[in-house]
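After this come two complexes, each holding chain A, first together with chain B and then together with chain C.
So, the complex of A and B:
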């Protein structure tokens, strides 16, 4: 009895402190998630969404996701374009981190310059790059024509999928390489100088030192950054919604944009939910890998 | 000569990357200072011949930009305050109490950060509609907590872990209650962590676009991302106004980032990289 009461009083404070956060996560993440999964098995339109009464259609919506050309394309777009963004971000981020680690003169300025794009909100970045890639008055076309690529006179970047993706790719990499670079820099600075010096004494050249010492030591951070970038770039919405809006047939939509439009523009809430669920399952796989990686390094224990 | 060969290309690369990072920002600022005739030209100048500031009072006055900045400020501040109140205690518990459920909760918190918002938006829309909150600040503040609270818990937990538990034990031995020790010992030491978390949760609200797009129709309630989107979406985009708006929208964030870059990095690495 006494033990029970002491246990209760010991548990009161943590439970009270945790409760509001748990209610928010359960109510604003858990419940909507379950609800979307349910909707993805129904034929919910606008009327059913608001007044209820939708019918269960089993896996019909999921069949439709892979049968419908626009939706299937949006999933392929997500994987191909997302992977390109991850690779671009990681490569540029790695190069910048190695440069920053050289501690050249002007490093402080360089560090701040590199930080700045990270501070620009997605919507502002989309507007900025849409202006830079403007067909008639944009800086990019002007510069390309000036260095001799006359074909770029009035080149309409947002008139087809591939060139629109080039513009959006530049925007996404511009915004996300700073985080990768600064995280990798933090990792590089934890590598003891002695280790690298020892390798140099043993006769390893700069490239060998990088490949055999630096890279293996950075592997955990690189793995985590790749997973994070994949999750961010696969669920990309803002930049694509704004910049790819004018692409004919909406052929440049990614899964997140297609799911949103299927629901809110076309009132196919059931089908839109199914697209969202497919995207969610892809991301969940990456999230689980991440949790395993972090768990193994003992952060939780 | 050898030095030049060895170091020269590094400086060249550094200049190229800086140009890539900075030039768009520079171009936005000078576009916002150019008169119309210099914006809509095939041979843009790299420097405005006669910088003019009248774009700024114009967008703040005529357009909905002034109003939108105020809306964004209200929504982001509301999110920040509620988010801090809710997550500080939870972060403390998850840092100090090590039972099996802590691990499960941590994984839960971590996973919620990775959800694509588009998975949640349809049910959230229905809930907000039923609650009669569509189109209000509250619809945004409440739903923004869905992703700002998990992030805040994660970052703050990192800061609490860095405060030695012995300090609390010492306070307890001196007669403080657990809450007293939290209030007098942990809270002051966690102040930098609180500040960083405040900034991060404010930014979540300041930058969010998808939910605002879904919940807000009324011009008077639109946040800055919505106004920018409606500017850019039109055929005859007024680029001078868009650029001035982008500058006003980004400036506060950029200042915070440059001033607090060390702390933000620590927080982000605590939250993202180390786990």
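So, the complex of A and C:
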């Protein structure tokens, strides 16, 4: 009895302190999530959204998501292109972090400079990169032609899905590597010098030291960064919305853009929600896999 | 004889009395409604499509200032919405219950939003007072939901110097246009003959009319696509032939209309399908082009017609608006002939009211005359179906046109597939 009362009084304060955050999360994340899932099982259009009266259609919308060529492609695009972006971001982030970790003059300056792309709003960055990749007046084509690739004279980057993805890939990686680089840099600086010196004394060369000492010690950070990057790059919207708008037959749309267009442009809110739910499930699956992997690492150590 | 004149007099008197009666009623009505709202007060928010030039924005902002000055105690908050996002923004606003009081709305969207019950019916519209095709475009089930603000149709704008260099006359027909394009391609270096894009249905859909086809036909309450026809296939074949032959920039497959216009301003494109507003914006951006460019009616297709799309805007009020009286007063203020012309003369459209057109002097200007003639004599509107706005919003046409441009599918298959998609939308 006394123990129970003490337990309640011990819990009251934490719960009270957490309550504001919980209310906000429930309102801003919980409600939209539940509503989206509900909508995905209905045939809601613009009229139903305003006046109510939508009908339950069961799994019809989800069948449509996988039957419709455009929506199916957009899901595949999301997974393939998203994965490519995660790999690109991690590789570039690692390279930059290792460079910044060297004791070089001006590293503070470079450290700050690296952050700048991250600070540019995604929409503005996309518009700027779209200009840089312009067929006739873009810097990229101009530079490539001057370096000797004459084929890039008037080259239309956004006339094909593949070349458009090259441009969007550059934009996404350019914007997302700073966070990864700085997080890894922080991780690198926590590695005790003694460990590395000991490895050097044992005869490990630079690459071996990186692979056998640095990388294992950084694994928890890398795992978290991969999860973050996956979530960000799979639900990528701005860059694709701006840069892939003219790609023939909208074949470069990702799931987030497809969901938005299906919902807001065509007023098929049910179907759009279904796309969003499928995207959510894909992200959940990836997140679970990573969490399991990280957890197992913890057990081993 | 005498009997006859008595009869005539009686009839005339009757007519006069009837007119007078009408007038009286009108005045009475005005008086009573004036009495009802005694004094205009409160504030309204107004959404105007971004005209893309600070100068024209100023004209619109001035409406707000002048109106506020004429009606102390009122406030008009004007916001500019980019065309490309406007449809989405209206949908979001209606769904979220945060509508503006007054808005400019593309004519093809008015029936769609009216069908949702979002728009206020506009009473007392007499067709003779407005450009009649625009009244049609605002009509749903015999009720009018928007007042025509301005209208325009696309014509041909070309570089005189490039055409001269290539030794061709401004094209009047499809054949001449194709021939001119080939001639320019061989002679004027670094210049593409046309800027036919993959993302502007107002460029390619009218070619279907020009070929003698229809876009959709109405049967009672329902619409049916008419795209699955040899005429439509021929039209798409002609439109895409330029891109396939390298007579349009490779990037133009992903261009929207403004991109083509920019290319024309930069001197990269010799012939452009654009409206009077495009002409004004070209001259405003690069005044030295005024002497180098010519204008002509849209080239005619196999049907002998050069029909263009009559586009424009309505001024609409929303049902959920909290201040209907002030909104209506502001709309009427913007539509006064002299106020209207301040805007239309800047933006390069024709006024949507008859009085406005008479006051515009458009027909006396040789460079701008083709645009007026195009609208008055050779233009048509898309099917005023509530579903049309959704079709446009989703750009269902662009994808198929782009596939034909890339040679992925034949024009016949493209129009057949489009017809099917349209019918699905019309039915759903």
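Brief remarks follow.
What we mean here is this: the second predicted complex is superposed on the first by the 264 of 301 C-alpha atoms of A that agree within 3 Å, B and C clash if a C-alpha of one lies under 4 Å from a C-alpha of the other, contacts with A are read in each partner's own complex, and residues count from 1 in each chain.
FYI, a contact is a pair of C-beta atoms (placed from the backbone, for glycine too) under 8 Å apart; a residue touches a chain by one contact, two chains touch by 3 or more.
Not measured: the values here are computed from a predicted model.
Chain A is touched at more residues by one of its partners, and among chain B and chain C that partner is B.
In the overlay built on the shared chain, the residue A:4 is in contact with neither chain B nor chain C. Within the superposed three-chain model, A:50 lies in touch with chain B and with chain C [touch as defined at top]. Looking at the shared chain after the overlay, A:147 reaches neither chain B nor chain C.
Once the two complexes are overlaid on the shared chain, A:281 sits clear of chain B and of chain C alike. In the superposition on chain A, A:130 contacts chain B only, with no contact to chain C. Contacts of A:264 after superposition on the shared chain: both chain B and chain C are touched.
Of the two partner chains placed by the overlay, chain B and chain C both lie in contact with A:245. Within the superposed three-chain model, A:108 lies out of touch with both chain B and chain C [touch as defined at top].
Touch criterion not met for A:201: it reaches neither chain B nor chain C. Of the residues of chain A, those at positions 49-50, 134, 136-137, 245, 264 touch chain B in one of the two structures and chain C in the other. Within the complex formed with chain C, the residues of chain A that make contact are 46-47, 49-51, 134-137, 154-159, 245-250, 261, 264-267. Chain A contributes residues 13-14, 16-18, 20-22, 24-25, 28-29, 31-33, 35-36, 39, 49-50, 92, 95-96, 99, 102, 104, 106, 109-124, 126-132, 134, 136-137, 139, 142, 174, 178-179, 182-183, 186-187, 221, 224-225, 228, 231, 234-235, 237-238, 241-242, 245, 256, 259-260, 263-264, 269, 272-273, 276-277, 279-280, 283-284, 286-287, 290-291, 294, 297, 299-300 to its touches with chain B in the complex. If you check the complex, the residues on chain B that touch chain A are 7, 10-11, 13-14, 17-18, 20-22, 24-25, 27-28, 31, 39-44, 85-87, 89-90, 92-94, 97, 102-103, 105-112, 114-127, 129, 142-143, 145-146, 149-150, 153, 178-179, 206-207, 209-210, 213-214, 224-225, 228-229, 231-233, 239, 242-243, 245-246, 249-250, 253-254, 256-258, 261, 265, 268-269, 272-275.
Chain C makes touch with chain A in their complex at residues 87-88, 91-92, 94-95, 116-118, 198-199, 249-251, 253-256, 263, 266, 268, 390, 393-395, 398-400, 402-403, 405-406, 408.
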